[in-house]
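As written, the chain order gives the labels A, B and C, with residue 1 at the start of each chain.
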Amino acid sequence: MKKLKLKKKNLGDFINELTRDYALYAPQEKEGTISFSLVEKPEEITLDYHNSDTSPKEIFFPQKEVILTYQDGNSQPVFYEGKPFALLGVRPCDAKSFQLLHQVFSTKKFEDPYWLTRFKNALIIGLACNDTLPTCFCNWLDGSPHGKEGMDILLTDLGETYLAEAVTEKGESLLKQQKDWEEASEADLKQASKLEETALKSLPPKIESAKLKEKLDGMWDDPLWEEIAQRCLNCGACAYLCPTCHCFDIQDEGNEKNGKRIRLWDCCMYPLFTKEGSGHNPRKNPADRVKQRFMHKFNYIIQNFDKYGCIGCGRCITYCPVNIDVREVLKQILET
Amino acid sequence: MVESTKTYIPIPVKVSRINEESPDRTLRTYDLEFVNKEDRFDYMPGQFCQLSIFGKGESPLGIASSPTETDFLRFTVNRVGVVTTAIHYLEEGDELGVRGPLGNYYPVEKFKGQNVVIVSGGFAFTTLRSLVVYMLDPAHRGDYKDITVIYGARTPDLLIYKDELEKWETRKDINVHLTIDKGIQGWKKHVGFVPSVTKEIAPASKDAWVVVCGPPIMIKYTLPVLTELGFPSERIYTSLERRMKCGIGKCGRCNIGAKYICLDGPVFSLAELEDISEPY
Amino acid sequence: MGTINEDLRKQAQKLLANKEIDYFVGCRQGTIPFRSAPHAFRTEAELDQLTFDMTCSNNLAQFLHKNYKKGDKIGIAAKGCDARTLIQLMAENQFPREAIKIIGVPCCGVLDQKKIRDKLGGKPVLKYSLPSMEEILSGKKDTLTVEGKDFKEEIKLADVVSNNCLVCEYPSAPLADTFIQEGLKQEKASGSMNWLEKFEKMSSDERWEYFSKQYSKCIRCYACRNACPFCYCEQCIVDDSQPQWFGKSTNLSDTMVFHIIRTLHVASRCIGCGACTRACPTGVDLVTLGLYLDKEIKERFGYTPGLDPGELPALCTYKEDEKQDFIM
């Protein structure tokens, strides 16, 4: 696979090239929040960032999405029809989350056409983490600050230039078109691997994550869930910032004659999530819902998709209003 | 893999017949016809559909008709929430949508050459009606040995599909035992709760499979009776319900443990459920 | 006399040892900078983790109320706003006065994580040191030190305390069983006009624009509602389905209706603790409107919530001699 060098001063040209063929999304700061949003002015992109506050999953799985419109009993599906998406500057953890979401939405008998329409032709250009956050723990969950999973191209910041490595055929063919980019030298590759080493060292010491699933198998009645639930607010901050949470609600907007059916992110922390029409709620206690969240990420998803349901981005740690720290919970699980 | 662009698109159907099932008018049976004949789909007993009312939403309901009844889909609707209430406002000729068939089905292949016992209570009898009608169909009846139905409700009024039950009672190829919780004048059949009547009738467990559906409390007390009668948990089946939205294992709310009721169920063997910590 | 934290632990220990309480509500050190975790201390052995400083920004009365069961006896380390919340909840008959042992702790305002982050331009803090409560209270120190990968900075505390603390009139509990020490009123952030005054000077168009911008950041996670000690309805209006009063999307019309209804529902009960704003992951300013309403209510009805457990909130009661000129 190709390994080239993109001079930072030529980044603008590359961005312009991408915007010709793609709907380009990149990290941009608005009102103090960094999110992946549609690039309108290339100078508003910030690649000198740690990670976006909200997860880029929202591009492929928007918080609100119209799935069909209806009129007089007839309905029409509504699919994204714009240019294919390109994401620039995706962190390795988030790129990995797309792979899990893709598995959820495209396997197990049914395909989700809305996810597929948005995701299948997308170009993912990742950006390696030379600098990690104190809340990062991707190394616990099969990830790495320079991980390539889920990307077409990985960029590594080498100071004056970005090392650009093709990961997929699609990335390779895009790099092949870059006639004026230099080939990366041995020294460049060495520098990149040194940066990876430093980044890895800055992460917290690993835990025995492989044992989590089995531990959780035996923790249905553990007092841990009550303990967490004591302070858990049962809000959706963790879920709505989480790159792997995929639960949604379906609602109608409009009257019986015409309107639209939409899907909206939903969250297992809300009592309404499982409350039935009769009033019965199988997860009526906050502790039941706390347990569902951790079981889903570290047991059920492992059973169903053979990978962790968490990628270690740490967003939930940063923003939990009551300091529920998933790393602390994982350690508690292993200590049980 | 199912053709995906229509995954969430309801198929238009029309109400062809409405039957009031209970005197308090909370239970009604709807027969639905496809507006476009080419939309007709095949299904198996135990599967469910999402019934869709635009402007209100969708509600998952077990299919009460049998695959052998090719000219209609039948659902019995208990009026509890927004969508089921909207369905109750429908009249004959009105249109609504249906999305399905969803979920798995009763293991009718495994039942072949064996006795089948059906235990049920209240309005949970819907997909069991589908199963009984399917097995009684001349094309299939020869595949099964004895068919026994034990079905109870609080009062005679609350038994659903009464006309059909009466016809089955006169047939020789099915044993029907009906029960009500408390005896009333004129009732000459069983009296008592489903678990105790099951114990009294004591269907033989040898070469037999049992399907049990009903309110959670009935299931809870019936399972030990079945175990006592010698049914191993691999031969006890039930059908579960949860709040659902997508019906295809994506929206994430109907799981018990790692299993999605909409995708891996709604039909589970007791053996499968025993492996899951989450209460069902 | 020991340090504030030593005194606090000692008092909590006494309450637990004498079985005067079932558990003690306080904070333990958090796992990330500037965050602490509310905790129910059930044994004396746990108490060495009990701590109080400017990172204890959660409303502990909310924690207490959420976990309260009839018959419980609970001790709590209460800042001014925690105590006012308790008093207000008592006025709303949520628990009797005698169920709660209030230890008043001196507050110098609580830190706003987001302000610190903005001040540092998003650079992660790896180490920080806060002056002791004694040093802050005595006026000896008014800065904190933060350290990251290639920087070390001093930040003025007044620049990074929560906005609501800057206008707080009650840094100490108006009602308590015992006090550790008196709290400290906060000074305005250096060089800036009080933000509430700034808000009052806005025209209605400017206010509309300001709140439209704020509410458009909402992701409907309900952290604000769930962190609010006065949002304890059995079922919130947003969760009603028959009828569903408004949409659940992030469209501005939906988020705005939600936040305005919520603000109005807690008006005259909100004591301005700022828990809503600090809980918000996307930094929506929620407390300004609440505090502004509080101020209006004080001017119109002479009522301040959270001072008297025997008095009903102004908007929940009616006096014949009340000014009614705003109606017509």
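One rule holds for everything that comes next: contacts are C-beta pairs under 8 Å (C-beta built on N, C-alpha and C of every residue); 3 or more make two chains touch, one makes a residue touch a chain.
Since the structure is predicted, the reported quantities are computational estimates derived from the model, not experimental observations.
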Chain pair, A-C or B-C, that carries the greater number of C-beta contacts: A-C
Determine the chain that sits nearest the middle of the structure, using the mean of its CA atoms as its centre. A
CA centre of chain A versus CA centre of chain B: separation in Å? 40
Distance between chain A and chain C based on Cα centroids, please, to the nearest Å. 32
Please tell me the distance, in whole Å, between the geometric centres of chain B and chain C computed from their C-alpha atoms. 52
Note the residues in chain C that touch 2 or more other chains, in rising order. none
Of all the residues in chain A, which ones touch at least 2 other chains? 249, 251
Residue numbers in chain B touching 2 or more other chains? 81-82
Please give the residue numbers of chain A that touch chain B in the complex, ascending. 67-68, 70, 73-75, 77, 79, 104-105, 108-114, 116, 217, 220, 246-252, 254-259, 261, 263, 266, 268, 273-278, 282, 292, 295-296, 299-300, 303-304
In the complex with chain A, residue positions of chain C that touch it: 30-33, 35-40, 58, 63, 66-67, 114, 118, 122, 124-126, 149, 213, 217, 219-223, 225-227, 239, 247-251, 275, 278-279, 281-283
As the complex stands, chain B meets chain C at residues 81-82, 85
Complex contact set, residues of chain C against chain B: 241-242, 244
For chain B, which residues are in contact with chain A within the complex? 1-2, 4-10, 12, 53-59, 80-84, 86, 95, 97, 241-243, 245-246, 248-253, 255, 257-258, 263, 277-279
